[in-house]
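Each structure below is given as structure tokens.
In the two assemblies presented below, subunit A is common to both, partnered first by subunit B and then by subunit C.
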Partner chain A sequence: MTKRFIPILLSLLAFLLGWDLLTRFSGIPNFILPSPLSVWTRFLKAMSDGSLPRHTAITLTEIVLGLIVGVLFATVVGYMLAKSRSLEKVLSPYLVASQAIPVIAIAPLLVIWLGDGILSKVVICALIVFFPVLVNTIVGVRAVPTALYDLMNSLHASRAQILWKVEAPASLPVFLGGLRIGATLSVIGAIVGELVDAESGLGFLLQLGDFQYDTPMVFVAVFTLIALALMLYGIVRMLENKFLKWQS
Partner chain B sequence: MPHTSIFTIRNLSAVFQNDNGGLCALENISFDVKPREFVCVLGPSGSGKTTLLRILAGLIPPTSGSFTFGRGEEPSIGMVFQQATLMPWRTVTENIKLPLEVKKIDEAVARKKTKEMIELVGLTGFEDSLPRDLSGGMAQRVAIARALIHDPDLLLLDEPFASLDAMTRERMWTELSNIWQARQKTVIMVTHSINESLFLADRVLVLTQRPGKIKMDMEVDLPRPRKDEIRYTSRFGKLAKRLRGAIE
Partner chain C sequence: MLRKLVLLMLGLSLMLTACGNSKSANEALTHIRLPMGYIPNIQYAPFYVAVEKGYFKDAGIEIEFDYKFETDGVALVGAGELPFAVVSGEQVLLARAQGLPVTYVAAWYQQYPVSVIAKSELGVIVPQDLKGKKIGLPGLFGANYIGLRALLNAGELTEADVTLDAIGFNQVELMAAGQQDIIVGYAANEPLQLRAQGIAVTELRVADYAQLAANGLLASEKVIAEDPELVRAFVGAFLKGLRFTMDNPDEAFEISKAYIPNFSELDANVQQQVLEVSIEQWKAERLGYSDPQAWENMQNVLLDMGLIAEPLDLSNAFTNEFVP
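Moving on to the complex of A and B:
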């Protein structure tokens, strides 16, 4: 277990060392590339004055709500599309078209419509999460072996029993693969929304640091975002380890 | 005493749509099954044996014709498919228990019955194994246990013993014979083995090359219980010869 982390730790150390040496000897000014130490000092300050925890909490709330809404919709719509070819034929042009529009392009519109508060960010986040989860739900449900449907039908199982005893567990591996992508994208969704217009959140903090030439603050915000993305990814991996033991 | 039949099958035909007009798998199949009768179905590959079982299980509708069980009620069915058809995420115990879950049987009762079935098919020690860790024959025994556990009215078996070794197969013949005699079930079993059908059946139906029609309907008037030695009797030899003649 600990052995697995040694290479990661080493590469991290090498990265920090390289970064430190670069700032020391290249002559790049601190407001363009701050040193690791100044970022660390800025981090401690942002922690102690409470700004980092507060803005992180807001962004995390947007991400979690966006994920829940996006995944819920994607799962329900995905299941219906998987079950009905005709519904898929009607809806798929819209779905594909919606995917062709970059979220960044419609984010300002959503902020105009829904305000610069948390709601617009949740919606942007949900939109960006929706597609990968939708696609994987469809693929997962379609891939359920027909033999298992035969088995359940020979036992006169109800639709609900087929859903919970066959379709859900059989499509879970592919579904969780989609969730893994969606979880990482959700961070991007929230930040895109905050960068358009926001009074709070890590995106706001990032922009503030940018305006004030407080580059170490920008770095703190970026690293916090990376940490959030890694945490979400880790949670999905944990779910996979827990529920997909039968696969490996 | 006139035997009223429990299962009447009338003029069943099955045509599968394909590019050149349709493939006729079964043509005009009619037969009656008496209560508690053990019927074996023999026939060359592609003669529609699996299709017949799938129709009788209600998994696919016949193209034409009809079949009635009892006074028209839906029989409780135990089915063994040609492939074991286990749920890879469920352990041996959980796979065998499935029909009781579908029928919402009390959990404690279900546990106890499952344990009995595991002993019956000789899988003690593998209760918590996953299907991926079972041999083909073991997987098939799980499927057999699962088909019997809910004490169905009608057993539909599609070459259930094909992947077992000779020793286990003959033990399963005896077990199935005992279960059938004790529980008084109606059984329709597809097999490729003349020995197997003569050892188990009251009646053997032989299907023709595609499209499957009934070529022969033969009573097996061998005394029961049938022991291994019965194979060396002249009556057995005579029946085997008739079947062999019909199959070729």
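Moving on to the complex of A and C:
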């Protein structure tokens, strides 16, 4: 276990060292590229005054709710599309087209339509999560071997039994792959919403840092977002390890 | 053969790099990319006029307008990458508080351009009337927030006396849709747009209650130290454009049309009013002059808001040295 982390730690140390050397000898001012130490100092300050935990909690709430809504919708719609080619033919052009819409451009409109509370951020987050999970759900369900259906049919299994005993477990590896992408993208979704009407959350801290030329604060917010994305990714990996043990 | 090709490419790239440098080859003009901080707008008429009337050219300057974010422009000037930027007053102090070597060299707006706009039926006439009200503003940052805080201070109110609602830059749409009754915006924008839509509003102009350092020209300490004549020439040409625009608003309006994409799609009457209101905010006995008291006041507001931690040496933040 410890051995597994040694290369990661070494690469992290090399990254920090390179970054530090760059800020020391390149002559780049601190407000363009702050040193690792100044970012760490700013992090400690934001922790001690409570601003970072407070804003992180708000963003995390939006992410979790957005993920739940996005994944639920994507799974239901994805399953329906996987089972019905005609429905897929009708809906897929719209679903693909929806992915061409830059969310950042429609985010202000969503704030007008849905209000400037948490709802607009959750919806933006859900929109971003939706597509990768949807696609993987369709692929996963369609990839279930026909032989398994034949077996279940020969046993006179009901629709629900086929879903729970065959389709769900068989499509789970691909579905969780989509969830992994969706979970990391959900962080972007929440931030896009927070950038539109900045009042709280890590998006607000980013804007405030930018407005005050407090670049170390911008870096602290960015690293916190990275940490959240890694955490969500890690949770999905844990789910994979738990539910896909049978694969190995 | 390959070596020759590489040398040829190197030579070409050097030539292109030389072309991109500050002096343009044929006319020996100093090329300046100027971050404007906002999209092309009729309010930039003095700059457009200064180009069209040849004031910048006469000063040996070729201008390229760059409509990037204000904070990005300030950072580039602070890093010495660009010599000048168009910025609002608070940005200068916020930047200097973080160690950016920048100085404000000419005032453009003499009045802080932010207003609180309320539906007429609310009867918001003085800042005290805001007590207990919900106020929509783009976010808890930026000129809108600072202007509002100055106005609340003038009415002896604090943020705890009102409810602030961050709504993004959707003030007009949300007020027109009935979702907001009081908003913060720019005197030369939101009130005019709302009235054009037939919505009766009252307006509390920050400038009527607090004299704050407003928009103007920022220069890097580097260009001030290395090429003060360029700063003088740049400020002089801009102020000529400003004077002309104030004296000949109709001609300035016509000139500006060509600089604003899709101008024909905009409401010409509203645009005309935007320019009129802006000109009111530019008026000064000595164009370009920075009032030290306005900087003192701005610093006090920022200190009060906690946006800067300690008082700055304001003598480095602005100068009237380059103002004719």
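The criterion applied here is as follows: the second predicted complex is superposed on the first by the 247 of 248 C-alpha atoms of A that agree within 3 Å, B and C clash if a C-alpha of one lies under 4 Å from a C-alpha of the other, contacts with A are read in each partner's own complex, and residues count from 1 in each chain.
The definition used in the following text is that contacts are C-beta pairs under 8 Å (C-beta built on N, C-alpha and C of every residue); 3 or more make two chains touch, one makes a residue touch a chain.
What you see is a predicted model, and the numbers here were worked out from it, not measured in a lab.
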{"item": "Contacts of A:Leu155 with subunit B and subunit C, given as first, second, both or neither", "value": "first"}
{"item": "Which of subunit B and subunit C A:Ile181 touches, first, second, both or neither", "value": "neither"}
{"item": "Contacts of A:Gln207 with subunit B and subunit C, given as first, second, both or neither", "value": "second"}
{"item": "Which of subunit B and subunit C A:Ile112 touches, first, second, both or neither", "value": "second"}
{"item": "Subunit B versus subunit C as contact partner of A:Val166, first or second or both or neither", "value": "first"}
{"item": "For the subunit B and subunit A complex, residues of the former touching the latter", "value": "54, 57-59, 74, 76-77, 79, 81, 83, 85, 87-90, 98-99, 101-103, 130, 132, 150, 156"}
{"item": "Subunit B-touching residues of subunit A, taken from the complex the two chains share", "value": "145, 147-148, 150-157, 161, 165-166, 169-170, 246-247"}
{"item": "Partner subunit A, residues of subunit C touching it in the complex", "value": "71, 74-75, 78-79, 94-95, 97-100, 138-142, 164-170, 173-174, 177, 179, 307"}
{"item": "Residues of subunit A defined as touching subunit C within the complex", "value": "29-32, 108, 111-112, 115-116, 196-199, 204, 207-208, 210-215"}
